[in-house]
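Letters are used for the chains, namely A, B, C, D, E, F, G, H, I, J, K and L, taken in the order the chains are written, and counting of residues starts over at 1 for each.
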Amino acid sequence: MKILVVHGPNLNLLGTREPDVYGRTTLQDINQQIMELSGELGLDTVIFQSNSEGAIVDALQNTPCDALIINPAAYTHTSVAIRDAIAAVGRPAIEVHISNIHKREEFRKTSYMAGVVTGQISGLGMEGYLLALRACRKILGR
Amino acid sequence: MKILVVHGPNLNLLGTREPDVYGRTTLQDINQQIMELSGELGLDTVIFQSNSEGAIVDALQNTPCDALIINPAAYTHTSVAIRDAIAAVGRPAIEVHISNIHKREEFRKTSYMAGVVTGQISGLGMEGYLLALRACRKILGR
Amino acid sequence: MKILVVHGPNLNLLGTREPDVYGRTTLQDINQQIMELSGELGLDTVIFQSNSEGAIVDALQNTPCDALIINPAAYTHTSVAIRDAIAAVGRPAIEVHISNIHKREEFRKTSYMAGVVTGQISGLGMEGYLLALRACRKILGR
Amino acid sequence: MKILVVHGPNLNLLGTREPDVYGRTTLQDINQQIMELSGELGLDTVIFQSNSEGAIVDALQNTPCDALIINPAAYTHTSVAIRDAIAAVGRPAIEVHISNIHKREEFRKTSYMAGVVTGQISGLGMEGYLLALRACRKILGR
Amino acid sequence: MKILVVHGPNLNLLGTREPDVYGRTTLQDINQQIMELSGELGLDTVIFQSNSEGAIVDALQNTPCDALIINPAAYTHTSVAIRDAIAAVGRPAIEVHISNIHKREEFRKTSYMAGVVTGQISGLGMEGYLLALRACRKILGR
Amino acid sequence: MKILVVHGPNLNLLGTREPDVYGRTTLQDINQQIMELSGELGLDTVIFQSNSEGAIVDALQNTPCDALIINPAAYTHTSVAIRDAIAAVGRPAIEVHISNIHKREEFRKTSYMAGVVTGQISGLGMEGYLLALRACRKILGR
Amino acid sequence: MKILVVHGPNLNLLGTREPDVYGRTTLQDINQQIMELSGELGLDTVIFQSNSEGAIVDALQNTPCDALIINPAAYTHTSVAIRDAIAAVGRPAIEVHISNIHKREEFRKTSYMAGVVTGQISGLGMEGYLLALRACRKILGR
Amino acid sequence: MKILVVHGPNLNLLGTREPDVYGRTTLQDINQQIMELSGELGLDTVIFQSNSEGAIVDALQNTPCDALIINPAAYTHTSVAIRDAIAAVGRPAIEVHISNIHKREEFRKTSYMAGVVTGQISGLGMEGYLLALRACRKILGR
Amino acid sequence: MKILVVHGPNLNLLGTREPDVYGRTTLQDINQQIMELSGELGLDTVIFQSNSEGAIVDALQNTPCDALIINPAAYTHTSVAIRDAIAAVGRPAIEVHISNIHKREEFRKTSYMAGVVTGQISGLGMEGYLLALRACRKILGR
Amino acid sequence: MKILVVHGPNLNLLGTREPDVYGRTTLQDINQQIMELSGELGLDTVIFQSNSEGAIVDALQNTPCDALIINPAAYTHTSVAIRDAIAAVGRPAIEVHISNIHKREEFRKTSYMAGVVTGQISGLGMEGYLLALRACRKILGR
Amino acid sequence: MKILVVHGPNLNLLGTREPDVYGRTTLQDINQQIMELSGELGLDTVIFQSNSEGAIVDALQNTPCDALIINPAAYTHTSVAIRDAIAAVGRPAIEVHISNIHKREEFRKTSYMAGVVTGQISGLGMEGYLLALRACRKILGR
Amino acid sequence: MKILVVHGPNLNLLGTREPDVYGRTTLQDINQQIMELSGELGLDTVIFQSNSEGAIVDALQNTPCDALIINPAAYTHTSVAIRDAIAAVGRPAIEVHISNIHKREEFRKTSYMAGVVTGQISGLGMEGYLLALRACRKILGR
């Protein structure tokens, strides 16, 4: 069972900038926990991060997987291209947001991804990725 | 660690009506799995279902708990009273939706709860409740 | 052939308050005519009125019927819960409004029920209920 | 008691085109039933169909009647001229729609007629015309 | 100096229907005054009325004139075809409304004609046509 | 002179939850002051609180009074049923809000009640109820 | 028969600034023609210009007249105070615009005055004032 | 305790124009009652009226006071300048409207003042000012 | 293979009015080229033009064809009747616009036809009709 | 005559993913047909595909051409940068969409490109590219 | 080179009210720096402040200048009269805002001035005026 | 004091394409002036241009600086990713636009950057960058 985890733009800065807002957990910490739980659950997980919309579309097209976990970050609200790539890939997909986007700016309330993913998990911090892994395991196990 | 799980209107019909749409899993099945996982995670969970907005507000006010899991169903889109009750209770709260509300009617895309809960999990079926239990465990364990 | 007739909030006041606006026909008068025509048409009709959204959802869930006539009154414009209950019941349903809602306030022009009922009859006064009974008879007779 | 029944554009195709969508009942079948029930109810009914907005306005102006039944079809959503003609005629008028317009495209949800007719009947198929005849009989009988 | 005066749909009913709303002045009375003042001002005026959008477009295309006075009535708010015909004719044009359209329904506040006519006169009753004649005389006299 | 005072959902929690936001004045304190001032002003006041929309409609229908003071709380923004009940009762009615709703979330800025009450008092805390009592006294004294 | 003519802000610049846009006719030229035609029609006309909203309200309140002609210029789109003053004065009032406001910026399409004046004349240049004088003469002559 | 009472545009006409709409109470009557109650409550009250937005801003800036009562009338809906002056003054402020603005034109439903005042009282006629005085007394007495 | 080409309102003026805007190509020139290319492609083409919405609906209903090319001109934005006729006919249909409607007025950006035609060609001048003929040939050739 | 053909994001997947939706024609098949018809028409055509907005802007800037054919796919609805690049290039440009975007999601109905291209062809499948080539040939041949 | 600097309503309070929000720099301080830099740059600068929209329009009309710097403050969002005066004056004009208006209330995001000024500088505090002086110097020096 | 200047998409074409619109000043000319003034002001300035959103985000993350000047060009209106990067960087930032975006298309009036930058300068051409440098110098000098 191959899982692709995609982190969108600026998530590479997690934990190193504005720690009082986003905490001190780095993307490396998150990725390590993702890999550990993947091991426990018997999932073969690949992780990808990019600040470029086109590069994320390329990665979605070119990385074979059985299910997909994506935190599109800023591209959530602006990228039809990533939406179309998720739809084209045709795999179960879970959209993760670290913060509760409904407590932020108005424009963050719309997600181009929401209409093509299987489900969303938001507002639960780093834990959201781990819950998404469990959900993938469940979906693929059916 | 006490957890209150609230099911909103019409969820009591799960599995008995329109099985081709919602599947054959009943609310009783869901509740049994919630109780089982609660046992595993050491959570003391109470479950409440009502078709009445006022009764749900009453339950939120009167049931002491450390965290809250709520699937407000139809009231998601129409109840400021339940929103206010969740805010007044002042506990970590997770909003669960069985289906992906972004694939349904336009009016189901807005949630009065979203602005006051800690996080949301949607589109992941019955599994959403179990992931929410794990998230509560994590939040309370911090 | 069992028919459930549901009257929404404040309809119990018909004929007793603001007679110059709503006329002097009481809900009892309407119900009597509904029962008389039901007799003529061979329909086994049950009538229910409540001011509570939750109680109406309960009644829709718990009253077995072959077809449904509902005047949701104020809940027309605010209740997704009643909409969902009508959809879950899965029976032919006719929405009745005594007055022409298009001649009233702007917010009365939208109906959450409209998308799930078979048809609507509005603006024809008490006669609307009787026409709805005939329509039910026709639909069930097919 | 003279009744004018007006069928709007494309209704002349009923039953001959797209039978899987609209059924095999032709406008002739509907008109025959309208005339039969008119006979039973003692109504002197005249039926008019046109694809032209101007011709419908002309007919409304030039056909003396005591009450009016109109299915404006596509002109429901675009014709202020027909609205004004109905208002000028100043007779009880009932707007009929064969299908439930709330289950169709967004633009079909607004009706220029709604503000000037006595009432509407929609979603009840051919039966809608017959119920409208009964309602006219009732209104004129008062 | 040839002037074309166009009266839109339902204006032929002026003075004969709803006299308490629109007064007892008939379209014939108005036309007579238009012809009288035209004589005084040395204008060669032709008057046209139709309930049909297409017939009004035809008339605008086929009636040679130096200036145009049009009361599009209901078509004010719905006819791009008449707008395009006025623009194609390329003559000075004055839009007249008998009543103040800003005191009526919301949808009467937008005019497709407004963007292509020289000017508008509204709310001044029958007098509006006579003022429009004077304005045409002035414009053509320059 | 009988006055009915209605407190809407979650107001029973005043002073016991989130004291740093809403202060430490409880609903009991408010009610006591209402009763004291009622005594001074010679008003026979009855107080009712409920979290249920239907129960508030029932109370409005069933409690005879000469004037009405209502803080609909969350139902301000969502309940057409309570609006209709106030209109049906047909008594002078004053809408009270403890906080200034224009300084809160966007959805709190619309009130279904505003169109049917005599007046509103908002943002003046507990004092709003006392001013409303004085206003009722004045209105009934005319 | 006393007529008050009010010119709004920046109209004092007519003919002296941007002559290629507004022509070389000055406000003095317009006023002279207004006075001349007033003489012919037997009207006792007073003319007032101000750039200040408050001063225009004052003038409307303090200048006795039988009818009112106002070109509110920029205040057309922003002044409820002038609207209220016109309504309070309770005299026939005609709103004049020199240019066709529908061919200009979007925000110039709404007029606070339109709902309280008798009629509007726009797009007919200086001639608009003269037509308005004739209309006043007609209205007062009734 | 100094109180500044500000009356906005056209309020000087109260009682002298349109008495059937606004009653026969003049602004002088209202002011007299304000001064009398001020005396009773031990408040040192200054009253100001102007039709000019700028003059009201000047008055707000230049009149020292402990609390402020303002009926901005037409400027409620159009003046950010008065809003900013109230905010700059930084005193408790109560917005008063004589009529219930929610029963009037759509544009009267928004208030630029609402976001910066302490509270609002509307729809209670002249009594609104007196209640506002009592509220000021209460606020300053804390 | 029969093709129906429909030209909407005012297109009969092409080349004779406003040549500096629309060029000097007349509808006759276009039709001649349509007939020539039809000959080359082996298509049996019938051409129809009308300024009347109703006449266009009649033509669509009464002209047997295998595919349809329509330039609805002004009716693009206002005619649900033509939309419904195209849908009822149930043939491949191509919508042609001579100019790029996205460079014109805002209201020209919506097309009632777009949802029921096979495809659109716009902004390519007279050539659009010829490309549409080729597309029909291709579609019918499959 | 040099033509640049640009394919936007995810078009490289045509024919290989979701064949039941998009058919089995691959981008290679389309490109081959484009090159064949280019040969026939004497056009020197270069084809470019990328999933990256920036790379498409670069290609538009750096590839000399006499005309441009672009299917911006998802970037149609989100890229002002590509719009600006097309405008800066200043060559005739034709926007092609394989499917009829008006039959898809609401957000696909707006095109940032539409305002700067010469024309659009949509809904005609692969044939759209070939028609666009013919149109370019025509435009350049003038 | 004459420069007119206009300060809008409430700016005269700068530095004396709410110093924790707006700092302690007074308008006098700002004006002194404006005069000093004007001296350095060889500009003959006149400064004007008023709380009255009409007075600002008067000043714009009556003060001869080669360029204009204006901070319209609250009138930014409500004054078409000042916009029209700036346009009539026909000089280079720079709009200055001390704070970043995009970080404040929604209604502060629209500027009537923006469409007629040469440019804007916002969010840069007092420095904005000085940069505007330099920009005027540059523009006039061309 | 390190300053990063970022030029967005298509700005590399300045001066070489459409010189009649954008003038003949190239980006190289602008950059040279930026470097010259930087020298004068003692600023250590780095300049970056890219057509790729992702590359701009990368540059913002990876280029250490004390303040930031950015002309996001087309990305102003579409990029949340660049907004988030500016916010993450946490340095004073000034948004520059060469033209006055309020005189262009509607969609150019919204800026995702506006909410996170310190200030904006627009409409002042190349001079805008130089003023921004001065503003940075001032801000960093505090």
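Heads up, the rule we're going with is that a residue touches a chain if its C-beta (ideal position, glycine included) is under 8 Å from a C-beta of that chain, and two chains touch if they have at least 3 such contacts.
Since this is a predicted model, take the numbers as computed values, not measurements.
Colleague: Comparing each of A-L, F-H or A-J with C-D, which pair has over half of its contact pairs in common by residue number?
Modeller: Repeat interface, by the over-half criterion: F-H.
Colleague: If you average the CA atoms of subunit D and of subunit I, how far apart do the two points sit, in angstrom?
Modeller: Their C-alpha centroids are separated by 31 Å.
Colleague: How many angstrom lie between the CA centroids of subunit B and subunit D, rounded to a whole number?
Modeller: Their C-alpha centroids are separated by 47 Å.
Colleague: Would you pick out the residues of subunit E that each touch at least 2 other chains?
Modeller: 52-55, 78, 115
Colleague: How do the chains pair up in terms of touching? List each pair.
Modeller: So the chains that touch one another pair up as A-B, A-J, A-L, B-C, B-F, C-D, C-F, D-E, D-I, E-G, E-I, F-H, G-H, G-K, H-K, I-J, J-L, K-L.
Colleague: Give the list of subunit G residues in touch with subunit H in this complex.
Modeller: So the residues of subunit G in touch with subunit H come to 52-55, 57-58, 61, 78-81, 83-85, 87-90, 112, 115.
Colleague: Would you mind writing out the residues of subunit D in touch with subunit I in their complex?
Modeller: Residue list for subunit D touching subunit I: 8-10, 12-13, 17-18, 50-55, 73-78, 105, 107-108.
Colleague: Report the residues of subunit I in contact with subunit J in the complex, numbered from low to high.
Modeller: These residues of subunit I touch subunit J: 94, 100, 102-103, 111, 114-115, 117-124, 127-128, 131, 134-135, 138.
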